[in-house]
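You will see subunit A twice below: alongside subunit B first, and alongside subunit C after that.
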Partner chain A sequence: MSMRIELDEPKCVAAGQCVMVAPDVFDQRDEDGVAIVLDAEPGPEQEDEVREAAAVCPAAAIKLVER
Partner chain B sequence: MSDSVVPDYPMQREAKCPFAPAATVRTMTREDPVGKVRIWDGSEPWFITRHADQRALLNDPRLSIEETRPGFPHMTRGRAEAAKHTPALITNTDAPEHTRLRRTVNGPFMVKRVEAMRPRIQEVFDGLIDDMLAGPKPADLVQSIGLAVPTIVITELLGVPYADHKFFQVNSSKTISHESTPEEAAAAGGALAAYLGELLQQKMAEPAGDVLSEMGARVRAGEMTASEAVHMGVAILIAGHETSASMISLGTLALLRNPDQLALLRESDDPKLVANAVEELLRYLTIVHTGIRRIASEDIELRGRTIRAGDGIIFDLSGADWDAEEFPEPEKLDLTRTARQHHAFGYGVHQCLGQSLARVELQIAYGTLYRRIPTLALAVPFEDVEFAMEGVAYGLKSLPVTW
Partner chain C sequence: MKEAVVVGASAAGLAAAETLRRQGYAGKLTLIGEELAAPYDRPPLSKQILASQWEPDRLVLRTEIELAALDLDLRLGVGATGLDLAGRTVALADGTRVPYDGLVIATGVRPRRLPGQGAHVMRTVDDALALRKRLGPGRRLVVVGAGFLGAESAAVARGLGCDVVLLEPAPVPLAHAVGTQVGQVFAEVHREHGVDLRTGVAVSAVTESGVRLADGTLVEADEVLVAVGSIPNTAWLDGSGLTVADGVVCDEFSAAAPDVYAAGDVARWHNPRFGETMRVEHRTNAAEQGMAAARNLLHPGEGKPFDPIPYFWSDQYDMKIQAYGYLRGHDSVEIVDGALADRRFVAAYSRAGRLVGVLAVGMPPKAIRAWRVALTKEER
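Coming up: the complex of A and B.
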């Protein structure tokens, strides 16, 4: 099983929750705070954090494709 | 469905358990999760209290935050009046206009930017503790720490002179208090706007590294109007003030009432434990207790009931954060539980703009105060602590402490 992150950028409101929960996987772009995915296919050791990041995103902008 | 009288909202918390949501909110969360309440104008908006329902609806595009739509369930008469004259803001627009506006103000509240402020906030905090320890006992924690931290932080962030902080404290609490008349609230809001309008002009002439200067640059670039920038500045000032202040003071009181939990913070310097403690205290206290408000733009089915287009909807955040289906034994303050999915900052695209800053402030406060003052104790009986229940967020009038 591996995981791929899909970010629905237009939905992002830059609350920054994903960055706080999974700082190695998400960042924010300087000009408007919109989320950036640093690692779209995170390793197994990061999957819990990434799931939490997706769960707390207030705009439901983070989709996880598990395959 | 309940046949009894529709309860008035907001509701009073019970004096004997002031941290808990009002008893009626808790009962409705269990028994009538898609209920109704009566508000100040006699209207009866829907009242949504379950965590899962709030999560679903607050991201539903069939709900609108446009306050000028007829039937919008305003917080107060003053807010209803003010809504007619308020320009487009992140607090009264839906996507896509909301997305555009929010992106003009996100910058300073980004995680990396507030993290960069952490050393300065820590320094401010340490200085306030030094001053309190050097002063007389008992001390009032609300004045010496609670209000002082966010005041300094938000004035630095906005680029407002600290010397004017009394002016801000007085006027920001007047704009949002349920005890203000509409005229008083409008006058206080007007005074803040006039002050910030002048300051914005100064910052446009001589930019500095603060939020007003950044908004000034956007005004120049035609990305926002001066009026939008000023209203946004006022909103940031008000939203960042009493909320963080209340969380610091109330959180301390809650911890003093739960010494085993206080001990966890006193005896640990693990940033993860502190960060989790912040989330749990946000959940447990959920200080914004007058409900966040929306209006339905289409019919919505929920738990067998139909919310009609044009119906007002109120979401009581404390209901969701004390919903036993999401947080087992919600009345238990447990700093180690998973609590990050709380709704203390709201949920959906309008979730609090300043939440990362608030988190950093609270991590520093809870992570420092009890370690620096391990003998911190209440200087009066708990029953004598005076709560301030009349605002959008509840808090304490004062918190006499000794050590």
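Coming up: the complex of A and C.
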């Protein structure tokens, strides 16, 4: 199984919860705080963190496509 | 555990159900929700939905496929009416009883109302759609209560061209939460945008033509929105033996009784980080506490205290407000970055010399993150 991250940018409320949970995978733009995906296909060692980030995102803006 | 039941199918309940599955729970999982709609998100109701920027289909928290993958017995449109702790069953409005050996209570809150008929409230997607149908250029909206919900709605209504009167009993809006200085800034921003903000004004009732103030004055309106706080949905727990005191009272693990947990807006729990019992109506807390409740339900012996730093955001006009921590208990406020006059600042809140919260307006994430980290490091 591998995982791909899709970010629904207009939904993102710039909470930054994703960055706190998975700092290697997410960052935020300086101008408006909207999330940036640093690594859209994270390795298996990061998948738990990324699932946690998607679950805590208050805007349900992080979609995970698992294949 | 073989029969897990989650009551309340919104942010907290959904997070609990998902976490149970993610942690490998393979037994029966029943999710009970009073609303007919599949779990949806509330913060956009007073923002993009009220502004007609989004339609309700954007609010769904999970797709049908994602819900199906959770293998739920999903009972929507039916409320829980009672809890039998000894017999371990939840009674439903349709007369059925659902047995459980693990229970998560996530029934949220409902809006407090005022005497009189015909006012809008803002909690459900229907509430938001009902109000938005009535807004438009030249329409006169009276908003009762200048908390975050009232303030956001007032801002959106101004954007739609309404005449907006915002009535607030306190001398400065939100002062109890954010302090006087910062509350003043919010007040100024509303006035600059043409909102008729009147403070120190108590409303006694909603009338056919508007609202009546405590001193008898009438304030006329085409529409009235009452945003004066909320009441935890705990009536169904009356007589159950659970302790209810403005929320379901829980310990630091979010447990209300053995194998019974509460999460989200309805839960009042002991947050060891702040040494205080709190109930927070914040979107991220709902998800995080739902997750924590599910974990502790599955692994009771090795439970982890739920000790988050509460987080809240609010959008008003082009102002993005973000708050971390527990600001309510503060005894001093200091502007530590930016300037109030620029509407770009970080305010640090402390109590007895300890940092307890941070509020930022218009600051880049990196400037805020340092303060978030400082909050996590603060010793209690």
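The working rule: the second predicted complex is superposed on the first by the 67 of 67 C-alpha atoms of A that agree within 3 Å, B and C clash if a C-alpha of one lies under 4 Å from a C-alpha of the other, contacts with A are read in each partner's own complex, and residues count from 1 in each chain.
Basically, a residue touches a chain if its C-beta (ideal position, glycine included) is under 8 Å from a C-beta of that chain, and two chains touch if they have at least 3 such contacts.
Source: prediction; values computed, not measured.
Overlay on subunit A: subunit B and subunit C clash in the combined arrangement. By the document's definition of touching, neither partner reaches A:A40: not subunit B, not subunit C. Of the two partner chains placed around the shared chain by superposition, subunit B and subunit C are both touched by A:A15.
Applying the stated contact rule after C-alpha superposition, one finds that A:V65 touches neither subunit B nor subunit C. In the superposed model, A:R51 makes contact with subunit C only, not with subunit B.
With the complexes overlaid on chain A C-alpha atoms, the stretch of subunit B that clashes with subunit C is 347-355, out of 131-139, 257-265 or 347-355. On subunit A, the surface touched by subunit B in one complex and the surface touched by subunit C in the other have residues 11, 13-17, 19-20, 28, 30-33, 55-56, 58-60 in common.
Partner subunit C is touched in their complex by these residues of subunit A: 11, 13-17, 19-20, 28-33, 51, 55-56, 58-60.
Of all residues in subunit B, only 58-59, 99, 102-104, 106-107, 109-112, 340-341, 345-353, 355-356, 359 touch subunit A in the complex they form. Of all residues in subunit A, only 10-11, 13-17, 19-21, 23, 27-28, 30-34, 52, 55-56, 58-60 touch subunit B in the complex they form.
On the subunit C side of its complex with subunit A, the touching residues are 15, 18-19, 22, 41, 43, 58, 61-62, 283-284, 287-288, 291, 311, 313, 315, 320, 322, 364-366, 368-369, 372.
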